[in-house]
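Both complexes shown next keep subunit A, but they swap its partner, so subunit B is in the first and subunit C is in the second.
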Partner chain A sequence: MGGFFCHFLALRNSLNPNKNKAFLRSEVSMAANIPAGIDKEQAFGMAETEMEYRVELFNRLAQTCFNKCVDKRYKEAELNMGENSCIDRCVSKYWQVNSMIGQMLSAGGRPPM
Partner chain B sequence: MAASNPENDLKTQVPGSNEAEQPQIQAIRMPSMEEIRAQEVWNNCAVRSVASGVMGGGLGFMMGIFLGALDNPIMQEQMSGRQQLIYNLKQMGTRSWSSAKTFAVMGVVFSAVECVVEKARAKHDTTNTVVAGCVTGGTMSAKAGPKAACVGCVGFAAFSVAIEKFFDRHT
Partner chain C sequence: MDKNMLAGLEGLPEEDKNRMSAMIDHLQLRDSLRMYNSLVERCFNDCVDNFTRKTLQKQEETCVARCAEKFLKHSMRVGLRFAELNSQAATQD
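Showing the complex of A and B:
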């Protein structure tokens, strides 16, 4: 499992480093009492919701791609190459679909049926 | 995802054991980027095939030396002891070099094909071994015509599947 998570960490850092840094910078600016047009309680609430969303996304991503890609017989401790490339593809598809759906939901207001 | 729960380890310990004997439970430590990169080196097809070629070359060299040492010169009675030794050493040298080259090529081709096929399919299967074995056997016997290439393909694929099953027999 350590190998699996380390692969996910590498992918997460490579896929969207700017987005995570921007999120952290916004967190820090909110914590440093820089006025952003909204009061502190709301800012903390939003940051907390965002953090929960991120954690949930990571957990679901790890669960889905683990169930899809890793053979359950556990023949060896390390991830072999086929599993590595399967994880690469699974995470990248998941991330892309997630961002697409997020954009559609945030822009449209209601999903186009 | 709970891979292994450290609290369960604590509960299964004998309550009467003294504190010096209880092993320290380490927290799960995420690997750093250097460790990840060090592990990712072996995922590269070029690195793997070169390493496999080097190992094959070493194996071929050893085999050539061993088999070359067993060869006896033709005119054994007419040569002195020293001449026989020089002849034996030359035999060992040529045989080990040619067999090292053969095995190195075999190792490079097999490892490269298996790596590429496994990365493309994104699955760890015996199909990768079969395809790699077929291509290796085919290229090694390609000089003797298409029929020999087919026979070499099937034979080497069967051989590599057997070797892989042998090495995985405990799982």
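Showing the complex of A and C:
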């Protein structure tokens, strides 16, 4: 099982070596510019929480768009053109929903009773 | 670690750099393990329905191989789009 897992990691990294690095960059620069009034420990904690949130967001996004866009019969190993377009659009819309809700939550404060 | 990642870390002292990069490695490992499990579950659910035999049939094996490859390619594509949207959002702030 260990051997298989290492093979899986190698395959995954070859397909997507910089996934986490690319989208965690903002957290890294956030930690580098610590605003006044917050100590270092808190800054690390916030950066870590933000990173975990981003990873979770990515995973849910990937699962959701796969479920919506990809035919489960797996007739071939490649993504066809239709699936590719669907994925791009799905990611874009998911992102927009994410922003909308982010804005609603930060503006409204608490949910309406 | 690649240079793009370290660019954001320039201002930090050595120990903080190490701490950040350890955090990122830890997250990356955890994420890989989660993906492994969820991929197995997904491909099993989508491809295996028949329990008259205890070994996988040829068609089930093919299905699982395609499922895994397709999901990994999909995940890569989503990663590209995600990074694009992320950097757009960062420049807008």
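Here is the rule we use: the second predicted complex is superposed on the first by the 73 of 113 C-alpha atoms of A that agree within 3 Å, B and C clash if a C-alpha of one lies under 4 Å from a C-alpha of the other, contacts with A are read in each partner's own complex, and residues count from 1 in each chain.
Simple rule for what comes next: a residue touches a chain if its C-beta (ideal position, glycine included) is under 8 Å from a C-beta of that chain, and two chains touch if they have at least 3 such contacts.
In this text, all values refer to a predicted model and were calculated from it rather than measured experimentally.
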| item | value |
| --- | --- |
| Partner chain in contact with A:61 - subunit B first, subunit C second, else both or neither | second |
| Which superposed partner A:85 touches (first subunit B, second subunit C, both, neither) | first |
| First (subunit B), second (subunit C), both or neither touched by A:77 | second |
| First, second, both or neither for A:47, with subunit B first and subunit C second | second |
| Subunit B versus subunit C, judged by how many residues of subunit A each one touches | C |
| Intersection of the subunit A residues that touch subunit B with those that touch subunit C | 5, 9, 59, 62-63, 66, 69, 75-76, 78, 83-84 |
| Contacting residues of subunit A [partner subunit C, same complex] | 5, 8-9, 11-12, 15-16, 18-26, 28-29, 31-33, 40, 44, 47-48, 51-52, 55, 58-59, 61-63, 65-66, 69-70, 72, 74-79, 83-84, 87-88, 91-92, 95, 99 |
| Subunit A-touching residues of subunit C, taken from the complex the two chains share | 1-2, 4-5, 7-12, 16, 19-20, 23-24, 27-28, 31-32, 34-36, 38, 46-47, 63, 65-67, 69-79, 81-83, 85-86, 89-90 |
| Residues of subunit A touching subunit B in the complex | 1-3, 5-7, 9-10, 13, 59, 62-63, 66, 69, 71, 73, 75-76, 78, 80-86, 89 |
| Interfacial residue positions of subunit B with respect to subunit A in the complex | 1, 3, 28, 30-31, 33, 35-36, 39-40, 43, 115, 118-119, 121-125, 128, 168, 171 |
